[in-house]
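In the two complexes that follow, chain A is the common piece, with chain B as its partner first and chain C second.
Let's look at the complex of A and B:
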């Protein structure tokens, strides 16, 4: 465990070295991320100015939900790159052989062999939106609130990781798993809106089957002082832990089933 | 003495589904899948002692790679037992992989875009090699392979030979007891091949590293291994000493005669008319006589020819291991 923690920084440094070896590419990436952040903010303001209230949720509250949802998503996106391409890159091209030959946890290697630092701009955008709405809504943030928020954001990232890891693991059994990811990814945006606007089935789905509501809506509701969702708030770490554990079990079963390529 | 590798009745079956052709076939594939079971490795057993260098050969699709993948812990066997260096490879993966080195000639395990030394430094941490050991070993490898010239070059800019040397170093950095090499000299020129073979001999001599070598280049095996294993259709066809392999299975011998006169060939041919051996004309002044070694001796053949003809020169050749192996694959060899 401790070895893996130090290795994380080593893998990250290695990634940076690779990125830095292509200087032009890096400069462009930094510039486009900055531009993307500005554009994303402008887009959100335009979009949300059309929606004054949503079933008793004010414009600023809905905007807050959106901003807060970007935090766990952005963090997840920083490490998720290899999950999307896993089937092609690791299974078809046989890169997974090399993963299994090293004395390091296989999931750890796959996740941390590649980062997408550009996605930190989503986190920045999210923080900006949350800060703006907090001022508008007169929400005060004490230190313990910030600590609490950071922990539920991490739990949220873990929930995204769990869901997409389970989908990724399907590649161990099926070659063509790509079809599964887009619909689930679309479902992700559902978790950004007040869950009470959906019918019972969608509410159940977003809470207990693909628990995206636990990654964005339930945590934000608490910071918006909407007390009727408190019970769900306390369940966040339980749900995150449970789903993540389940997804690693699916992964492990997949690794055992790995067939490797021809030669 | 405890064995380094123990394999007993090892088998791996793959279940693949048969794809139908055409649009209608693709549509059918969605609903009804027909599965086929392919036996890649079909019950093989062998032991490898510490310090041995074993050549493992077989045609494409014979089960070589699948065996190596089970021995290295990549694949879980369908049945049978594997112990390597005291571990069950797929089960004790994290502890086991620390004690082995693997080189796939066709794929590098180094980071493509950055300097070789950066990859080695990360591998040092992955394998928990102390800084002092790391430097000492690098120095030693440099003496044998002259690495220093390109340690700071990105891997993508290395020649195949340089990259192969770096991959070997990467696989040996943690001084593994067991080394798996898959086509380590593929695509290399003669000098690079020689250099790498010398290096492997030295590593084997110095550290008693056990080596399992799969290759298509049989000269690798002749240079490095005393023992050879031949696999085809998932079964071991031969496992024994290389020398015995040649003696038992090499059936043919040939004697070449370099003639003095064009007309001599007809005379030569008439000498052996009615015998079981073959007489071939290679060009105007060269003739070749092929015979089964257990029926005639080369001395008899030569004596018979010299009694009637004067020749410029004589060359005796044995069947090369390439040819023996080819015969085995084609099932032409009656001894198997």
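Let's look at the complex of A and C:
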């Protein structure tokens, strides 16, 4: 554990040195990333200029859903880059051989070899949106609420990690050309709206097959005092633990199956 | 203006674009799924909204579902990656190879994208259209006689997207990290083209602002023709403005590229 923490800080320092040597570049990356986050919100803003509520959910509530969904996603995005590039970078270009030669967990290395610092912007923006909506909706946050929120946000990141890690592991068996990531990635949009607007199939899919609802909607609903979803809220750590364990098993099986391209 | 041999050169680039993308044909099966998922999200949102009102801004529920679904079908055709490809070429230093070719870089990139779009039309747009019309209650074209105008408008939308992407991709020469910019542009076009929500839903000041921008002619323009919400004069106006913007963007791209390559620094390669 200690060794891994030291390694993590080394990886991060190394990354930071590279990023900070191009400061202007980092500033542009943060600004454009922020712009993208805000633009993704534009649909909701325009929509609510024409309608008062979305199936009983007010503008501030839907805004809250979006803001809260940014928290686990932003954290996950800080480390997600290598997962998306894994097939190309590690399998096709053979970088994975190097990983296997080192006496450290392979997944640990792949995840922390690269960061995306600018994604922390999403977390900050998310906090700002949640704070704004909380004031507008008169939601009070006690210390224990903040602790609870932080824990479910971490669980949410773990759920995203689990889903995309499972998809990444597919590259051990299939070429990356299949492109399984985009359809799943687009499912993330579903998580930004009240789950009750979807039909039973979509609700089931988002809860039990690709459990994005446990990462964003169910936690938000609880903090918005929507009590109908409390049961799901308490299941968040269970779902996160279960799916994460499953995904590491798939990964391990993939590593066992790995045959180098020889390059 | 162009000699036949020159046109043939660019046709060859289009062929290369078509063939390159063949290698990734597996992706297009999941592509149909991706596009259907996008339509599904907005289908449910609009369904929830129209539960309380029968008409908003002249759109009823079936108009809106058709608008959204056809919007994504059309997008599957006009979409291209010129911006991303250019950025990668710059980052890997391969852009030097583009410069030694005795061709117009902008036309080369647009031609390649055209080849890709021909491929997309058959492998992505048509299958997506079939799937969507089986799953969702879509309306046919309001007036079959306007169908050629709709197709022309979609082709012009392709040029608009390609030229905007070329402009943005060229920024990679000056900026080191351009990927954030590309992502921002992606969302900018999604919202300002009217793909996610019709332009008439925007507040008045935003609509007036957008009249000075080319983006609404990427999705909103063609889709209103399909839905029959434009009369003959309106259709002609849309097509004329699309053509005008293609011209302006081509010129801007040309100038921007010429001034950018002077700043280009390639290390070895």
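Following the convention adopted for this analysis, the second predicted complex is superposed on the first by the 231 of 263 C-alpha atoms of A that agree within 3 Å, B and C clash if a C-alpha of one lies under 4 Å from a C-alpha of the other, contacts with A are read in each partner's own complex, and residues count from 1 in each chain.
One rule holds in what follows: contacts are C-beta pairs under 8 Å (C-beta built on N, C-alpha and C of every residue); 3 or more make two chains touch, one makes a residue touch a chain.
Because the structure is predicted, anything quoted here is derived from the model rather than measured.
So, A:33: does it touch chain B (first), chain C (second), both, or neither?
Once the two structures are laid over each other on A, A:33 reaches chain C alone.
With both structures superposed, pick whichever of chain B and chain C touches the larger number of chain A residues.
C
Which partner does A:117 reach: the first (chain B), the second (chain C), both, or neither?
Neither partner.
For A:10, is the partner it touches chain B (first), chain C (second), both, or none of the two (neither)?
first
Who does A:22 touch here: chain B (first), chain C (second), both, or neither?
both
Name the residues of chain A shared by its contacts with chain B and its contacts with chain C.
In chain A, positions 22 sit in both the chain B and chain C interfaces.
Could you pull out which chain B residues touch chain A in their complex?
Touch list, chain B to chain A: 14, 60, 65, 69, 72-76, 90, 93-95, 97-98, 100, 102, 104, 107, 109, 111, 113-114, 118, 122, 125-128, 154.
Under the stated contact criterion, what part of chain A meets chain B in this complex?
3, 6-7, 10-11, 14, 17-18, 21-22, 94, 97-98, 100-105, 256-260, 262-263
Mind pulling up the chain A residues that touch chain C in the complex?
Touching chain C: residues 22, 25-26, 28-33, 35-36, 39-40, 42-43, 46-47, 49-51, 54-55, 118, 177-180, 182-183, 186-187, 189-190, 193, 197-199, 202 of chain A.
Write out the stretch or stretches of chain C touching chain A in their complex.
Touch list, chain C to chain A: 23-24, 26-27, 30-31, 33-34, 37-38, 40-41, 44-45, 47-49, 51-53, 56-57, 175-177, 179-181, 183-184, 186-188, 190-191, 196-197, 201-203, 206.
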